[in-house]
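The block underneath contains the structure these notes are about, expressed in structure tokens.
Chain lettering (A, B and C) follows the sequence in which the chains are written, and residue indices restart at 1 in each chain.
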Amino acid sequence: MDQQNTYDKRNRRLWIGLAAPGAIWLLVLFVAPFYVMLSVAGGGINEFFQTVVPVWNPLHWSSFNFSAVWHDIVGAGAYIGPPALRTLLYTAIATAISLAVAYPVAYFVSRFAGGRKGLFLVLLIAPFWVSYMMRMLAWIDLLQQGGFFNSALSFFGLPGNTDWLGGKSVTVILGLVYGYIPYLILVLYAFLDRIDQRLLEAARDLGLSKWRTFWSVTIPLSKPAIVAGCFITALPMVGDYFTNQLLSAAPGTTMIGNAIEGQLDSPGQTGQGAVLALMLLVILLIPMVYYVMSTARASREMA
Amino acid sequence: MASTAESVSDPARPEPLHSGGRQRGNPWRRPWALEGFTWLYILWSIVPIGIAVLFSFNKGASQATWQGFSTKWYVGNQVTSVLHNPSLHHAVVQTLILGVLTTLICVPIGVGFAIGVDRWRTRTSQGLNLVMIFSFVIPELLLAVALFLLVTQALTFISLGTEAEVAGLVVWNLSWPAIIVRARLVSIGRSYEEAAADLGASRMGAIRRVLIPMLMPAIFASAVLVFASTVDDFVIVEQLSSTGNTQPMSVLIYSNVHGGLSGPALNALATILLVISLAAALIGFIAYRWMTRGERTQGSTEALTSIAGI
Amino acid sequence: MSGGHVKLESLTKRFDQATAVHEISLEIQAGEFFSLLGPSGCGKTTTLRMVAGFEPPTTGKILLDGVDVANLPPNRRQVNTVFQSYALFPFLTVAENVAFGLKYKSVPKAELNSRVAEALELVQLTGYEKRRPNQLSGGQQQRVALARALVLRPSVLLLDEPLGALDAKLRRTLQVELGVLQKQVGITFLYVTHDQEEALTMSDRLAVMNHGRVAQLGTPEEVYNEPADAYVADFLGVSNLMDARVQPGGDGKGPCQLRMGDFTLEAAAGRLDATGTVKLAIRPERIHVEPYETTGANRVPGMVERLVFLGSTTHVYVRLATGSTLQTLVRNDGAELPYSQGTAVSVAIPAEALRVLPDPAVSAAEIRDETVGNDVLDLTGTNSG
């Protein structure tokens, strides 16, 4: 509207002033660090101290670290492959399980909870406010050798002496699900709650049965929410390394995050850690850009 | 309709108009399966936490077998309780320091960012907004690594430890106020500020006396979220920590899970962390309801969803 | 009351390519209730916003009691606005809302409280001090907005379609109240509306605007009875525009003879010196529908096309033998109408009410399409733009 434009334009200096601190903080502490990462990746090592020597000028970047990482991926002593593949596998499975559990729950609470909606929401939001550490700690307690879970298994006559925390993929995957599913539920709930009831009523009025309405109307309408939800779940999951550390700590279940961490902490290999991190960033860039663009578009449509 | 014999259909069970499957009983029946599933999920989600909290009061040193009730891990034992053990004690303090500092810095600049970007309609501001959304969606590890390198290689005047941690946490959480306040801003519009100007307010005066009060619920909700997110944060803090006593609770728990401090002590720490977060959430909820008492439309669910950030 | 004299000199506002307001010049006397009337997009709101200070004019002057305020920001003008959406601050009580502007006038606390009480009494909201805006009805909110502006004792009060969001009955009540209030307070009111009934009811004078220009400026009676052109005639009420041709031989001063289809009519109002093709306008309430056999001057035979009952009046649509359809108005005084749909009638058009208008460019049919068939349920049988 013209009125809005005039008000905005007349006070332009004010808006720039208000946005400046945040903008500067973002540029210095979000954008610049990645440039530093590039410079370290393209830099060298101080052989004596085994510390990194970043190279700031792009023209002087060397491929030393890149080839070292490339070796680690495809060369003789390659060890990046397994964690990378495992990351993909774990994330895919964990996201799928999360979706399968989250959708029905979100659907139920948004459509059928009625007067108890508040109660359900509190229960669903609660894990959000329980720290990740606490939630993992809970399962560590339960899955220990002498813990509740094993006791319960032997109570039902099943073998009760499995070392769940000793390097099992199942544990890590379910740990990931447990950790990330609250976000997914809330995103799906927020969306399903806002679906216009009248669309569904119209469908029923036109003769569709409950199932048909669900498949032909509700699901297509939820597609953007499902996509957004999967992004919000899967993207952070890819960078996860601590779930594995807490619930397994065995080399057989490491994810790419562990590999990056490991290299960063090893003297002399920091540059390679930076390269690995950069590669992960580049791979994730496409889905991230897709998500950012569609969110920005959606919020512009709102405004 | 006269009561003739056969083919009068029962008005309580109308024939389905379309062949989308036969009408199975009452179309309004409660979806028991879905509800059961939901409760199962809720139990799976919450019960383990309850058990962990329970074990923080365990008399023995086991995290698996219950040996009686005791508060020794909190205050009793002279050596190992949170109150007396220095590293545990410092961890609690450090967590609170990080939480408060980050919130105090992040919320004002986030709110200013939201207002400025919303009205400064150029490509630059849209670009900045995109950068902010990126910070919301990137895996925390990548940012933590990049920040670590930044602080150790380039901006070395920022020392590792609390300084770097707060700087990183502010950037990581900037999207909370930026997004939440922006959403509220969109629904407010410009007319209130114009009214204030008409009545004699200067530009900044209109923002101070009118816009900010109207944004207060959103500002508060985002502050609560920033605090909880910071208090719980682990990745950035670990990456940017220095040697020494500056480990917050989350890092301490992580590093001691496989040995080190006794199990129930960790549970106690985690329980304290839980209480802090929940207290923040409760304060946020109550404050939000009080602030919107003049304009509430949906009751408690509105407050709940706002402080969850959706 | 000091001052309140407003003078606009060649006021123009351009937005990128479009000119919203085109060199408007007008003068509003101190203490006058002046309206800007026109359809959406005619520039009336833009003009108001320029006077308020929210829109800097492209060129021109805005003289408030002789001082050009065109470049003063809104908070430094002795002018206050009542917004269309009221814009009451939801986080403040009614009393705090009203007191808002007083904080900028360094008014001591005791005086502040008494002025707030005074303003609330003026709008009949005493006792509502502690309520919040969302607890008030639309009409009450509007009164708070009024009080909030009036408490500052501005020289001019600007009102931007303040009654737009209210239902018809409430609107009519408030129209009367606003008029009374204005006389009581004595401040100049500059009122913007698209509802011509509102403008006619409340204004001392009004300006009808069309695409950024003033089409006519005058008192309600002048503008309604002596519209300057077809646009004004048609905007204010139904004008039953018809095409006709002036017969040669008139002296340009007395009534002129016109030929409409096969019929000759005499017109004694409007541009009697016009020649060639012109437009004729006649108000519904001046037309007489009489039995078919009646004889006399200035008559056209016709047939009753439609009757629309509106409570206190009935609209009778009559199709003339010339092909045009006229809308006429009959008061429902209890007697049954002597005709019904399909009855042949004789339509008497008094010469002194038949108005010759310039603007032959727009064809009568075009304008008529918009007027016929719009049965807006109000008293004067008008269209709201």
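Everything below uses one rule, namely that a contact is a pair of C-beta atoms (placed from the backbone, for glycine too) under 8 Å apart; a residue touches a chain by one contact, two chains touch by 3 or more.
Small disclaimer: the values here were computed from a predicted structure and weren't measured.
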Field: Highest C-beta pair count, chain pair
entry: A-B
Statement: Outermost chain relative to chain A, judged by CA means, is C
Message: Which chain is most central here if centres come from C-alpha coordinates alone?
response: B
Message: What's the distance between the Cα centroids of chain B and chain C, rounded to whole Å?
response: 55
Task: Could you grab the centroid distance between chain A and chain C? Build each centroid from C-alpha atoms only and quote it in angstrom.
output: 61
- request: Measure off the straight-line distance from the CA centroid of chain A to the CA centroid of chain B, and report it in whole Å.
  value: 15
Message: Touching at least two other chains at once: which residues of chain C meet that condition?
response: 54
Query: Considering chain A alone, which of its residues make contact with at least two other chains?
result: 3, 7
Message: At least two partner chains per residue is the criterion; list those residues in chain B.
response: 194
Message: Considering only the defined contacts, which chain C positions touch chain B in the complex?
response: 52-54, 73-75, 80-81, 83, 85, 87, 89-91, 100-101, 103-105, 132-134, 148-149, 152
Message: Considering only the defined contacts, which chain C positions touch chain A in the complex?
response: 15, 20, 46, 49, 54-56
- line: In their shared complex, chain C is touched by residues of chain A numbered 2-3, 6-7, 10
- prompt: Of all residues in chain B, which touch chain C in the complex?
  reply: 191-192, 194-202, 209-210, 213-214, 216, 291, 294-295
- line: Residue set of chain B touching chain A in the complex reads 16-18, 20-21, 23, 27, 30-31, 34-35, 37-38, 41-42, 45-46, 48-49, 51-52, 55, 62-65, 108-110, 112-113, 115-121, 125-126, 128-135, 137-143, 145-150, 153-155, 167-168, 170-171, 174, 178, 182-183, 186, 189-190, 193-194, 203-204, 207, 228, 231-232, 234-235, 249-250, 253-254, 257-258, 263, 266-267, 270-271, 273-274, 277-278, 280-281, 299-301, 304-305, 308, 310
